[in-house]
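Two complexes, one shared chain (chain A), two partners (chain B, chain C).
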Partner chain A sequence: MRIEADKTADETIITVEGDIDLYTSPELRKVVLKAVPKAAIGVGIHLGGITYMDSSGVATLVEGLRSAKEHGKAFTLIAPSTAVMKVLELARLDSIFEVRSD
Partner chain B sequence: MSSPDPVIIVEDLQVAFGEKVVLDQINFSVQPGEIFVILGGSGSGKTTLLRNLVGLMRPRSGRILIDGKDFTAMSSVERMEIRRSMGMCFQGSALLGSLSVADNVALPLREHTKLEESTIEIMTRIKLELVGLSGVEEYLPSELSGGMRKRAGIARAMAMDPKIIFYDEPSAGLDPIVAAGLDELIRTMQSTFNLTSVVVTHEMESVKIIADRVCVLHKGRVAGVGTLAELEQTDHPYIQQFFARRPDDSDLADAAYARSLTDID
Partner chain C sequence: MSSVHQAFVVMGSGKDSRKVPVGSSTVVGRGSGCDLVIRDLAASRRHLEIRDVNGTYQCRDLDSSNGTLINGELAAARELKDGDEIRIGTTPLRFVLERKTTPSPLGKTVFLQTMIDPSGREKALPSSRSKELLEAAYTLMNSLSSNFNPCQLVDTILETTMSAVRAQRGAVLFAGEDHELQPCSECGHVHTISDGTPRLAGLDEIKISESVANRVLRDGEDVLFQSARSDGVVDPTASIAALRLTSILCVPIRTQREIYGILYIDTDVADHEYTQDDMLLAAAAGNSAGLALENAKIHRDLLEKQRIEHDIEAAWTIQEGFLVRDWPTDDPRIEVFGVTRPAKVVGGDFYDFARLDDDHVGLLIGDVSGKGVPAALTMALLLAEFRLCATGAESTAEVLRRLNERMVGRSRRGTFCTAALVALNLRTGNLMAANAGHHPVLRISNEEVTTFIPASGPPLGILTGVEWIDEEAIVRPGETLLMYTDGIVEARTVDPDEAEGREHGEYGLEGLDGVVREQIGSTPQALIEAVLDDVDGYCRPLAPHDDCTMIALKYHGHD
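Let's look at the complex of A and B:
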């Protein structure tokens, strides 16, 4: 998994590529939970390059969303890949996230 | 286009208890993402085969390759690593009676990962939602019906997001409606996560719904491997008998019984 964070005036974009699984999701969690309180308006997680995501990845995104709500920030999934959407849909959590194409 | 490499390859497997050989000349492979059913009557060796596939028993000879690696020749540390990519759903669900349903599902994550408790809590709720058990997180296993316990067992087997899941007689002892619901769940899990699934069963109704391919075991040997349609076309007498649900020939059984008592042919 590769993570890159890019802070703009409004939004912090976290781009993730590769697999999000039991072994890599703790790193993503750390980056997301650190970025949320510091973001100006909100955080966007770019998930277009995700080839595999398991339930620990879903849980990490849910934790990011919870944290954003606590801090009054926006939390958006950007261009989630089919692998991401499929797992979110199965967990019936696709509708709780704000999603945009790019 | 060439077919993908098998996830599981079983080569010339022989398993014995002391001098008694219970599995012999077992050969088959399981493709990624398929539901592979091991079918056979009581005493055919199917549960023993499953125990070998998950590393709970060691064969006398032969090999089991998981993702190309010889599972039977590994050190216990290497085997443990491979077993983390496997989920096992035991026949009796094997839930710990003193723990709540949620704690049972969370147990493998707490034991084998460094995930934060908040992450584990969400993952557990997702798994219980997947198997249709939302709202019973705090129940004890004894407070669940048989079908619910099976579902909780599947949720726990899925806790670590395995690549391969093994089911031992998933619908045994369940009424047909609950059993059909479990068959549907096994199919949903397979198609959504592209899970390679190995199911041991003797229930033909389940086989018709879930199986991509079937391995029929008879007296510790492979009687046939193929799709259900392919196996229905074979002339193997045991497969024909099993599929037609015909009892053993009682005249022959009587003759064998008489011989054993009198030594007269």
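Let's look at the complex of A and C:
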């Protein structure tokens, strides 16, 4: 997994690539939970390059979403790959995340 | 002049006796360079010499510290006769003359294979000596590999190594967190042996060269100090001088990853010095001991892990107690059965069945995200809260809303829970249900198998202020409702033939539908057992990777 955070605009964009699993999700969690309170308007997670995501990745996104709600920030999934959408649909979470194409 | 007799010195008796031929000059003593090496701390390194002088054998004490007794008398020099007893310390030796069977072509029998190479280093050991060291190494290996008790391990290491190198004093010390010297963490004492006597000592009682000990502990190097040669292996330091040590042998007890401690041996006896070969044996002992201690540690961790697993199993027994198992048998209007089978020792799936009043029953199924203990603890909490939230609630959606608010306040690390709740009026067959991110409910009649009550909102525990929608329907007599979790429909197979045509290779609603159709008319229990069998068959040879949970209710109608 590769993580890049870009805080140029009002929205902090966190780009994640590769696999989000039990071993990599703690790192993503750290980055996301740190970015949320500091973001001007909100955080966008770019998930276009995700090849695999397991339930620990889902939990990480849910925790990010909850943290954003607490801080009054937006939390958006950007261009989620089919691997991500499949998992979100399976967990019936696709309706709770705000999703945009890019 | 060649004698018709061959002289021998015999040590010990019976099977364990050793018989060493006497050459033109044979030296007996504790030192490794002697022709006959004896393990007796009262012996000097070079204790006595027997010379062949024109066919007579002259024994001479080499100014030994404790002297030599010949036939019970202290003797500085004496001619030996056949059968004489020579006693060095507590070790008796016997001098024997035997008639030669064939004349030796050699004027002198060489048993001492020690040769001095130009650099002055010993090239080879006397064969008897190398055999002793090999035996000691073998004993060490054997005793260390089968023992998981750290204290016993340390004692074995000390005893065997010290006896093999004929050490005067020795101790095993351990490394603390900051590489400081520590006693044995098992018993809190330092294991020592002094002049053959083992003793557990306090750390402050131990007199050792700390500079040497710390160096070995820090760098993991073997250190040999010989005061006579003082060849720069280690600088004589203040502590060595203060303790008047003549020789120190110190090696790490280590594995490749970690230095556990040190094996420290020293002496203040003037002519007692440890050799390179002693150091090699000690180093081998240190390595074996490191491995043995690591084994002991792994063994202990394993026991601890087994204990925890045992605790978790016990926890599951308690948790299982939360789940209903006494299915109603006194109400002719319904049959109910439910089961949960965790993928790990404990699971995060749950179901519940409750009589709300005389004419109403409630069915709940849920799946906490994640697996194992965290999921199981959340599930236990949810079950308790469900009963609380159901009390006085007007609708199924209201119960989910209350449950959600409680869970959002408590959930950590993104834990959430899918749940579906059904309330059935047994008098009318009226059904009210709400679904928070869970699978739809399967409705099985004699004619068809359909799904209904799809999720009307996200799972519980994620966001506050979420509303779910109550769905209403009428259940006809003879119909069965089946609720299930991910473990059923997401079961996977490794058999490509089985997976053929299934979406993502999963058992899916398709698999469930197939087996349910074969069970139309079955009791809830028979239905659920048939589904579990079919899922197991689909996953074989593996076990299902997720918790498998189902609850089914068959409605027979009122009257």
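Assume the second predicted complex is superposed on the first by the 101 of 102 C-alpha atoms of A that agree within 3 Å, B and C clash if a C-alpha of one lies under 4 Å from a C-alpha of the other, contacts with A are read in each partner's own complex, and residues count from 1 in each chain.
Methods note: a contact is a pair of C-beta atoms (placed from the backbone, for glycine too) under 8 Å apart; a residue touches a chain by one contact, two chains touch by 3 or more.
Predicted model, so just to flag it, every value in this text is computed and none were measured.
**Student:** Both complexes share chain A, so when I overlay them there, do chain B and chain C fit or clash?
**Tutor:** With chain A aligned, chain B runs into chain C, so clash.
**Student:** Regarding the shared-chain residue A:Lys69, is it in contact with chain B (first), chain C (second), both, or neither?
**Tutor:** Once the two structures are laid over each other on A, A:Lys69 reaches chain C alone.
**Student:** Pick one for A:Lys38: touches chain B only (first), chain C only (second), both, or neither.
**Tutor:** neither
**Student:** Looking at A:Ser95, would you say it contacts chain B, chain C, both, or neither? Reply first, second, both or neither.
**Tutor:** second
**Student:** Does the superposition put A:Thr60 against chain B (first), chain C (second), both, or neither?
**Tutor:** Both partners.
**Student:** With the two complexes superposed on chain A, say which partner A:Asp21 touches: chain B (first), chain C (second), both, or neither.
**Tutor:** first
**Student:** I need the one stretch of chain C that runs into chain B once the two models are overlaid. Options are 241-249, 313-321, 385-393 or 421-429.
**Tutor:** 313-321
**Student:** Once the two structures are superposed, pull the chain A residues common to the chain B and chain C interfaces.
**Tutor:** In the superposed arrangement, which is not itself an observed complex, chain A uses residues 55-56, 58-60, 62-63, 86, 90-93 for both chain B and chain C.
**Student:** Can you list the residues on chain B that touch chain A in the complex?
**Tutor:** 109, 113-116, 118-120, 122-123, 126-127, 129-130, 160-161, 188, 192-193
**Student:** Flag every residue of chain A that touches chain C in the complex, lowest number first.
**Tutor:** The contact residues of chain A facing chain C are 55-56, 58-66, 69, 86, 90-93, 95-96.
**Student:** Which of the residues in chain A end up touching chain B in this complex?
**Tutor:** Spelled out, the residues of chain A in touch with chain B are 21-22, 25-26, 29, 54-56, 58-60, 62-63, 86-87, 90-93.
**Student:** Spell out the residues on chain C that touch chain A in their complex, using ranges where they run on.
**Tutor:** 369-370, 408, 413-416, 418, 437-438, 455, 457-459, 462-464, 486, 490, 504
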